[in-house]
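Two complexes come next, and they have one chain in common, chain A, joined by chain B in the first and chain C in the second.
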Partner chain A sequence: MKTRSFLSFVAPSVVLMLGLMAVPLLLTFYLSTRHCAPEMEMVTVRQSGPFGTQETVTQQVRKGPDGQPLQSCRFVGLEYYQKVLGLDRGAVLQDSGKAGESSSSGAAEVSSAAGKPAAVANEFWSALRFTLLYIALTTPLVLGLGFALALGASVLTQRLKAVFITASLLPFIITPVVGALSIKWLFRDDGLVSVLLAQFGGQVHWMAQAWSAQLLVILYGVWHVVPFAFIVLYAGLQSVPQDALEAATIDGASRWQKLRYVTVPHLMPLIVFVTLIHVMDAYRVFEPVLVLTQGAFTTSVQYLTYHVLLVENNPYKASAAAVLTVLGIGLLLVPLLRRTWREQRGQV
Partner chain B sequence: MVRRSSRLGSTLLHGALALWILLASTPIVWTAVISFRQYVDAFSTPVKWLAPFTLENYTRLWIDQAFYVNFANTAIVTAGTVTISLTVGCLAGYALARYRGSLGFWLLLVALVFRALPHSTLLPSFFTLFNALGINNHLLTLIFVLVAINQPFTIWMLRSFFVNIPQELDEAAMVDGCTRAQAFRRVIVPVMWPGIITTGLFSFLLAYNDFLLSSALTNAGNMTMPAAIASAIGAESEALLMQGVAGAVSITLPLVVLVVFFQRQIVSGLTQGAVKG
Partner chain C sequence: MKNLTSMHSLISRLRPKGRDRALAWGLVSALAAAAPQALAACPDIKGQGEVSFIGNSFPAVSHVARQVEACARPGLKVTFKLTPQAREETERAFAAGRSPFSGATVSMGEFVKFQSLGQLQPLTDLVDKYRARYKLEDGMLIRVNGQVMAVAFIQNAQNLFYRKDLFDKHGLKVPTTYAEMLQAAATLKAKEPGLEYPIAQTFAKGWDGATEFANLLAGFGGRFFKPGTAQPAFNDEAGVKAIELMRQMTRFMTPNYLASNSDDVMNQFQQGRAAMGVLWASRAARMDDPAASKVVGKMAFAAAPATTPGGKTASHLWWDAVVMPRNTSADRDLAFQLLMEGLDEEAVKTGNDTAIWIRSVYKPTRFGTGVAAAAKAGAPIWPSEPFFSLAHAEVGKVLPEALTGTLSPKAALDAAAQAYLKVAAEKGFVK
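After this line comes the complex of A and B, so read on.
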């Protein structure tokens, strides 16, 4: 194919990705170094009443000719990064706010003045810490359970197998927010699992403390992704060379040895594939954190950006969190990119 | 001796597999069961295995709360996303499968990086951009965002299907006088249907299941079903909670139908390689 026709074939796709991913990403970098607040002005209000005229000076939002409130924006450098990373002493943004601060940062000032600076600090680190914990715990569980199911499913008869695969696929294709909700309803204090556990003496208020809420998020993650690992590894098992297995049997290999020295090496590329896809997706963990903890006991990096943007209503701080999130996935991706690089270079 | 131990092993194995099916389906099945109950029967101590049947949660949700509007929005967004994704993705996937230059390699590499990008990182810019352009809270905006975000995955997957179609096919068509575009439309696309259907299924799932972008970019009458159900997350009132339960079942039902009918395509898509959203 000629370069020219290649370019015209890929153009629509490239334009979409440029316009709605690359450009917004660059804009995020830009936004993360800025701060905008509505412009305030001092106005003297004269009130005339029966007891004479009173003058009061108040602040109000300055409006433009079109009636929209005017925004004053300025470059703040890395201040929001410091804020998100908990390195900020709260000084610069508030002192230099000559145009007047928005009410949200005023509230932040009050809460940090109330003597809990540690609670506001380190937002990104605590989000990243749980995200990494989630990746580290779910990955081996997903691979192990998926592999066990793939081995086990091979004993089923053809008809049972179809039913088994269909039923196994459900947790994987279910809408994540719905899946997380259905787990939440099982583990409410009056939900099915909680009540049954309480009957056996294991009463836990699952969503009222950090460890159990985090455990639920991880449980959800495993439940949601095991089917994926199972299907991929099951398909891989169908192509294990039978003659190699027979040769190993003749050589006196035990069942375990055949698994260890023939089957697993054959499946290695698929195991790597599942791991990479899962790490990428687990880094994005969002819905279960939102649904099961509502950010109370644990956050994830995606949750942090979402929360700062939609609840704190601060797109600039959210952008700083977003840029740090991108840096994080960049670091995680380096080994994967090097691998693809080598593979594709070999082909092209 | 040997036979007895292997029979025991087989029983244990079937038991373990049955346990997995139980664990996999309990959240979904139990949610479906309690959606037909009053709150007091749905969440009770001790557990009520049997309780009076009611459709109240569904009538409240679909009629009083006008959930059909959200259903229609989801239908529009999903159909639009799948159609545009496949059209744009097929062109790019085909070109990537046939082009030998290094430009294609770079495009695939960049797509892979974008494939890993957490979507929330784009939201601050989307808010700023869409507000400036005045296109916030439009279904069409959401459709194009979803198409763009799914492109990396779509072009990787479609490319892997196109690579399996022998190049001789388009060459023969071009010898017979077709242009490249005609060869693509008249010869390649007709034999690509299995790949297009499988990729379409995954585009469908990605659009249908999206919560993050849909809930952030739409509100009021433009919310999709997953965005609308967000109100059930922190629901305090019993009625709201039970509507959420009915909503969860309503969202899941089409997916169950999908799995039953397209199990083979989903499995083949998962094993294809560049997959899973």
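After this line comes the complex of A and C, so read on.
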């Protein structure tokens, strides 16, 4: 193929990928190295309303000659990455002499007033720990259950198949927040599952301790994603070569051996594909964390980014967290991508 | 009316005689009878164009939104977006180059932020111009250094919900301090075997739990900040006491308290699983909703208990108001009039039971008794420092550790204070 026609064929997708993926990512990276803050000054404000008048000392943004609020921006390099990763604590305390430079004098004051700095694990690492646990536990379950469902569906009669497939796909179709809410309502104090368990003497307060809260989020993750694995693997099962299976039968292979040595190897590319997609998705687990536990015992990496962006209202730090998320996914995918790469080269 | 006349003449020309004519007349007069109401929804508003507003989707604001949207007519498009994410969206809109919304309903906490960032426009001239037409009352006007920056319409507070039937049955008196509340809870736990968890409060991680902490901290005479600075002071003795009190309460609450937000607590009351607790007054009317509640008519409301005998009620007063951003290019006069249509006396009368309105035409219901009692008992106003929400968020994060005992109250609060200083420095509040 001529270079020219090759380029014109790939150009649309290259342009789209640059525009929709590379450019936003670069912009996010750019944002994460900057910092803007309004210029605040102390003022005394006299405020009155339905509950009377009160005078408070508070802060207000400084305004320029044109009446516009002033804000100052600067380049902060990788400072926010350090902050997200919790690598800045020592630096902040040592830095306390340089007032006005960044954050420090106040923090030093508190920690000296408070004695020793409190022993709270850095949020990012605890979020990462749960996120990895979530991936490690959901991935095999999603694959296993999805495969079992696919095998089950392929032996059903045609009419039952339609019903079965539709029903199994439901959790995947439901909006994540709605799905998480319905799971929450099943497991809260008055929920169906809690009441049923209590009937059999097994009362569990699901949101009361770490193991059960984490289990609930993982359960939701499995419930929500199994249909995806199911439908992909079911499609794969339709293309398993019948002659190979027959040959295996003639050679005296058991049902299990046929599964192990014919079906699974045939499905391997699809299993890798499902794993790839699920690991990417699972690293960004967010809705169940927000809805089921509001982050108690279960902060995920993505939940942390959301918190920084909307509660701390800091888009710059949130950008750093977002870039770290992309890097995290990249790292996790390295083994899988290498495998795919090798296969592709092997085929060529 | 011009349309109607031409329609009438058109119809009479088409069908000049007999039965058809009578029918046509009937049709026209029926239209004419219905039309004036539709046309006269907001007869005083003259402007043309397109105006958008945004607000949080709870009953009172939805009511206001419907009144405002009713002013739409050919040539005047009015939209009022209601969403539970209103806070986040409004923050983005008001900070942008040009806000897509010409006005918003905001709670007190949000107002303070917008005001400190200089994102709101003064409404003094508009209030003066339209004060008579909309009968604006002084109590509704939020003035900052003399300038009107917002028009408040409802008030809210967390107050005590309690099961009057159970309290009467066991001869318990309404608790005025948390110590009495714990005692009453112990009595009920012993004597009402069906009632597993006598107390229900919003101890959920994050905003809810931190708000409870703020109430109790104020009750113990503590402050979030050292006076006149942005330096934290909530990690002192009063803060520790507040958390210790919360810990004591958890003994009488569902073990799921770390996931109990306002919805969950409301649900526990409605299902008769909890007998008392401090909750938002805006949830009170839902106790008598027969479709969702098993305790219709059994709940009563009082001021939130104090933390110390003879102390002030440990709660805060809130208001909700409408504001207009600086960065809007819409006709501000028109936008203001539309907003006022949603807050006028008529709107309050038709939505009387949805909230505790500030206007004097509001007829108090039994659901508002708790707020009235809170105001009378001297509840302070919700803190108005623009950096307050940052400290509040950090407390909300460490609360689970403090309540479950993974960290001591002091260690947890110190950690929150340290984390707060970092984010406050990032936002330029602390040098």
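By definition in this document, the second predicted complex is superposed on the first by the 252 of 348 C-alpha atoms of A that agree within 3 Å, B and C clash if a C-alpha of one lies under 4 Å from a C-alpha of the other, contacts with A are read in each partner's own complex, and residues count from 1 in each chain.
Basically, a contact is a pair of C-beta atoms (placed from the backbone, for glycine too) under 8 Å apart; a residue touches a chain by one contact, two chains touch by 3 or more.
Bear in mind that the values here come from a model prediction, so they are computed numbers and not experimental data.
**Student:** Per the contact definition in the header, classify A:60: touching chain B only (first), chain C only (second), both, or neither.
**Tutor:** After superposition on chain A, A:60 lies in contact with chain C alone.
**Student:** Between chain B and chain C, which makes contact with more of the residues in chain A?
**Tutor:** B
**Student:** Tell me which partner A:310 touches in the superposition: chain B (first), chain C (second), both or neither.
**Tutor:** Both partners.
**Student:** Should A:334 be classified as contacting the first partner (chain B), the second (chain C), both, or neither?
**Tutor:** Neither chain B nor chain C is touched by A:334.
**Student:** Tell me the contact category for A:206 with respect to chain B and chain C: first, second, both or neither.
**Tutor:** second
**Student:** When the two structures are overlaid on chain A, which partner does A:294 contact: first (chain B), second (chain C), both, or neither?
**Tutor:** A:294 sits against chain B and chain C alike.
**Student:** Taking the superposition on A as described, I'd like to know which of chain B and chain C A:250 touches: first, second, both or neither.
**Tutor:** Neither partner.
**Student:** Look at A:190 in the shared chain and tell me whether it touches chain B only, chain C only, both, or neither; answer first, second, both or neither.
**Tutor:** Both: A:190 reaches chain B and chain C.
**Student:** Once the complexes are superposed, what residues of chain A are shared between the chain B interface and the chain C interface?
**Tutor:** 188, 190, 294, 310
**Student:** Under the stated contact criterion, what part of chain A meets chain C in this complex?
**Tutor:** Residue list for chain A touching chain C: 35, 37-40, 42, 45-51, 54, 56-61, 63, 69, 83, 92, 99-100, 102-107, 109-111, 114-115, 117-120, 123, 188-190, 205-209, 213, 292-297, 307, 310-314, 317.
**Student:** Could you pull out which chain C residues touch chain A in their complex?
**Tutor:** Residues in contact with chain A: 88, 91, 112, 115-119, 139-146, 152, 155, 204-206, 227-228, 230-232, 235, 254-259, 261, 264, 267-268, 271, 273, 317, 319, 358, 375, 381, 384-387, 389-390, 393, 397-398, 400-401, 404, 407, 410-412, 414-415, 417-419, 421-431.
**Student:** Okay, in this complex, where on chain B does chain A touch?
**Tutor:** 10, 13-14, 16-17, 20-21, 23-28, 30-31, 34, 43-47, 87-89, 91-92, 94-96, 98-105, 107-129, 144-145, 147-149, 151-152, 155, 180, 184, 205, 208-209, 211-212, 216, 226, 229-230, 232-234, 244-245, 248, 251-252, 255-256, 258-260, 263, 266-267, 270-271, 273, 275-277
**Student:** Which positions of chain A touch chain B when the two form their complex?
**Tutor:** 1, 3, 5-7, 9-10, 12-14, 16-17, 19-25, 27-28, 31, 145, 148-149, 152-153, 155-156, 162, 164-171, 173-179, 181-183, 185-186, 188, 190-192, 195-196, 198-199, 223, 226-228, 231-232, 235-236, 273, 277, 280-281, 283-284, 286-287, 290-291, 294, 301-303, 305-306, 309-310, 315-316, 318-319, 322-323, 325-326, 329, 332-333, 336-337, 340-341, 344-345, 348
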